[in-house]
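In the two assemblies presented below, subunit A is common to both, partnered first by subunit B and then by subunit C.
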Partner chain A sequence: MASLSHALSSPQYILPPPALIRRQALAPRRHLRRRAPAAAISAAIQWNRKPQLAGETPRVVVVTSGKGGVGKTTTTANVGLSLARFGFAVVAVDADAGLRNLDLLLGLENRVNYTAVEVLNGDCRLDQALVRDRRCPSLELLCISKPRSKLPLGFGAKALTWVVDALRSRPSGPPHFVLIDCPAGIDAGFITAIAPANEAVLVTTPDITALRDADRVTGLLECDGIRDIKMIVNRVRTDLIRGEDMMSVLDVQEMLGLALLGVIPEDSEVIKSTNRGYPLVLNKPPTIAGLAFEQAAWRLVEQDTMTAVMVEEEPRKKGFFSFFGG
Partner chain B sequence: MAISGDLKAFGTFASSCPKHPLRPALSSSKVQLGRFLNGVSKDLRITPKWPYLVPRTSGTAQNNHQCFGIERSKLSSATINQDAEGFFLNAINMNFFDRLSLAWRILFPTRTARRNSNARIAKQRLKMILFSDRCAVSDEARQKIVRNIIEVFSEFVEIDSQDKVQLNVSTDPDLGMAYSVTVPVRRVKPEYQDSEEDYKGKITGITYKDTGEPSDTVDVTFDFFIPNEK
Partner chain C sequence: MTSMTKALSLLPFQSIFPQIISIRDVKGWNSKTLQSFRLDSRWLRRTRGDSRPLISVRASGDALDSSGDSERAGDGTPVEVEGNRLDLERKLGSFRELGNALPPAVLVIKRNSVSKFAIALYIAFAFLAIAARQIMLKKKNHHQGSVADLVRRGQLRSDRRGISKPMKYDDPFNNPFIKFGKGDSTIEMFGKVYRLASVTLTKEQQSVHQKRRSRAYQWKRPTIFLKEGDPIPPDVDPETVRWIPANHPFATTASDIDEDVAQHNVYQKHGVPFRVKAEHEALQRKLESLQSEQKLNEVALDLNNIRDFERPFKTSMKPQDPEPNSSANQQNGLLTLKSDEETGTSDGESFSGELKKY
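Moving on to the complex of A and B:
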């Protein structure tokens, strides 16, 4: 983690990518000297490195989990904002037709005037319904419906697919990413949200209830045709893992069999930032959860995965001196 | 005296200061001892985090039992601290060697303790649950499986009764999900039966005669199978 501490001490808050830690050779872009693998540490000085977009644009990603409360909306907001800070055009869609939360997390709840239901009815244009964030202009928010209106029974999978196609063919150009925040559960709202998506990010926590639901959701996603499913493990407490009270991320990966996009540690900053309406990744200095979200966003862009590191679980060698030295 | 109750605070306490688990706790517990003993007297039930640990304390600890009062329903951080202090108060009343052995068992847990750790239990439960969720087969599929199996078996054997063929789905710790089909068989069809001719000349038994005396010879008797000529 030497490069991470290096980044923390610097004024810039765009992380050097995890690729540097892995010493992967990347395509030479605006570097005058070619980076040799041995010069990985000196390469950390290049501040304006952006991740390379892999896959076709726009990339439609659904953030789902099955169980509620594991951090889907938080993940959507923070990963979306990280992507926007990297310079990509991101549209975040809150696909929950009844209860709306993504606007609260981004701090944009006062600025949502029009929603997708009104666009479908023809009351307004699509760009009027997209709320642009002032702090980070590449991010736009689209909500499905106003919570005080009657339950929009008409909003189904076809409607959301139409909205995503309209985004794709809008005059100002398609966005690079469309992040769809899925509602909890596996009923009609879920089916609506996964309809237009090509990829899925499954958010889960390391406890047994969330993992069971995540497994069910994986089965449903694969039935629907979404094969590219990556996992983010949220709310990880390394102290409990070390004390063998919580399943480690390796266990989770083994049980679910999904590629790992990121591991987000439990951070009280998440609650504080939600309350303020100021997303976590914009914090200066960055918090551990914010850094983890940025790394996960980087891996999402490059369609990369990580391997979980085993927390020190080996039983301590029984010996007289280990009692003192540790 | 067996201590039984909920002692997560002690667990985290121990993990944060692994070197001297008892010493700082003892000093803090002495300070708050007065406040603690003024509490309402109810049943004290504290289990250590490691269920296998049952410290053997002397009999003098018994009379202090009633003074400790902790209500199990309220688990605020104050009561968790009191839980830990109660444990340590009991620890004070143990003699030195009991405390030492308790500390040793906490710091160096035995293999059975690691096997019963919460993470491992959770992993086992999750494995079972995932297997049963993933492999839950519908009724229609069951009927089809049974029918296909009856068809396949009928080629080789005569099935006793088709209604008695059963499909059982069970979870096995080694195999995971195990499907077993029970087929009652009346007899094997004649063309597939093992004929006795194949066994002609095969050895069915070997006896080795050993009198116990060292000798240069070995006495072995071979029994051969000769089918009855019909």
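Moving on to the complex of A and C:
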């Protein structure tokens, strides 16, 4: 443990050498073996009350990761819809100019007629380009461009800043949240997405490739002045963690040094919901990943972080009467 | 019963009698070992170790068939015994002796009445256990699709059995799949029990990580994008320049967008959008110019004027003679902004409604 923290603090290593990470990750963790003092359940799950909105509105949150395929768009869709279900006005912005997907996840792909590019060109007004979700009317979607249209590279950041300013001063009142779905990489799309943001949600998976990218992106965000960065660890498999085959959430947190907004377990329902265009949080009956997204949205509202993570217990041994079907 | 057991005890020897017996033994075979083939304690004692004989009794229809087989001898190799009739009778006689020596199973049972009672008890217990298991499984299957299943699936709470109103999943503050443990340290979610492990990251560790990153990553957000080879403008920090390869297939640094107009468009809250308004005004100007040249009724009947307002959407027909000063070209000349021409068709109703105001 000490060697890892030393490696992280030493300037020559951006991240510890991979071999060290692997050894640390696969080595038995003492703090996991040892029973931690019982944390209150409220540290992991909030329940039976409406979340209290903290901070100035609109809160402009960019959902980013650096690496592709870790679940940025899924997170944006589900957290956005959860916020809308909590009763907050949300505008979800797909800042991926060339490869937008947020409309697919929300099931709104057939209703996107205008994008921010049309607003800039004067083909429509901003309120006409916002697509309202019929399931949760307080959620609106804005795509920055159509897949084939070209936006000049240096212009995206300015345009998105204007859009957020315009939303701030719209007649129906500013939205509570503007969630910006950032494209993968750190190129022009990333620069466009982070330009108007005040806070960031970093999505990562518990593997070393995603962690390296996440660390770099965190550094860039901090250089840009975004200090409020929280982390969502996605696609966590508690069975693999129990077998020491996957880094635990606490390992990830130790490597990145970021506050935890949520832990999303691996769930086969995610791909099903993507296929249906029906976000997880609307599933009936609820799914475990949808529930985790809901809890992450809860903490985002309250600017709260996780103080405890859930560790899967050993399955109960079957008793004598299990032979009789009990 | 007794007759049947006697018949069973004799049956193997009678059926084997006319046939040739081949016995395989890893240790070899001779007639002495055959004679000692008895299930007595000495034999059992001998077979406890490694020298457990593998005995296979092979029957063949004709003794002459196996007469040509060469006798294989030696340690560890199977030996096929082929003997003359006398040897065979002698061996089978020893088998008969063995059969006579073994008492029938019924007699063995009769010998000890206590063990008989125990066996009966065991059999009865086994029947009872099987019956109980069947009843339990039947009971379990019988409840499939019942209200208990609804409770198990979370549709109903166990404490809400009498309430006919089903639980709504629309309520994000109430999830029936979550059950809290008694000690406030365990949660049962979706059938799995989780315990809580406290987060160990401290504020000091967070600040250490921030310092590490600030040393590792020196970055300024690029504000200007230039093609490789372009000169840097004088008032621009070189660190904020992002260089794009000149042959990049997708990225474009050329911007023909009037930024003031674009910003005004974004901030526009009411009224007709800029471009739609410009198109409308251009058409109106053209109409006015036509009206000034000719009378209105003539305009309505003049085919040339009608053709001016037609849009060439019938691509399958032969293209008509191109007109050098068509209205479409004039519109393109007026507007400098580029846009995807596929857009703007679906919300045409709202736009046409607003155009009627003018």
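The rule we apply is simple: the second predicted complex is superposed on the first by the 254 of 326 C-alpha atoms of A that agree within 3 Å, B and C clash if a C-alpha of one lies under 4 Å from a C-alpha of the other, contacts with A are read in each partner's own complex, and residues count from 1 in each chain.
Note that a residue touches a chain if its C-beta (ideal position, glycine included) is under 8 Å from a C-beta of that chain, and two chains touch if they have at least 3 such contacts.
Note that the coordinates shown come from a computational prediction; the quantities given were computed from them, not determined experimentally.
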item	value
Touched partner set for A:Asp215, first subunit B, second subunit C, both or neither	both
Residue contacts on subunit A - larger count, subunit B or subunit C	C
First, second, both or neither for A:Leu99, with subunit B first and subunit C second	neither
Touched partner set for A:Ile271, first subunit B, second subunit C, both or neither	neither
Subunit B versus subunit C as contact partner of A:Leu120, first or second or both or neither	second
First (subunit B), second (subunit C), both or neither touched by A:Pro286	second
Contacts of A:Met247 with subunit B and subunit C, given as first, second, both or neither	first
Contact residues common to both interfaces of subunit A (with subunit B and with subunit C)	215-216, 219, 315-316, 323-324, 326
In the complex with subunit C, residue positions of subunit A that touch it	5, 8-9, 11, 14, 31-32, 35-41, 43-45, 47-50, 82, 85-86, 98, 113-128, 146, 148-150, 152-155, 157-159, 162-163, 165-166, 169-171, 188, 191, 194-195, 215-216, 218-220, 222-224, 238, 250, 253-254, 256-260, 281, 283-286, 288, 291, 294, 306-313, 315-316, 323-326
Of subunit B, residues touching subunit A in the complex	11-12, 15, 18-19, 107-109, 114, 117-120, 122-123, 125-127, 129-130, 133-134
Subunit C residues touching subunit A - in the complex, by the definition given at the top	132-133, 136-137, 139-140, 153-155, 169, 172-178, 180, 183-187, 189-190, 192-201, 205-206, 208-225, 242, 244, 250-255, 257, 259, 261-263, 265-271, 273-278, 337-340, 342-347, 350
Subunit A residues within the subunit B interface of the complex	207-208, 211-212, 215-216, 219, 239, 241-248, 251, 255, 315-316, 318, 323-324, 326
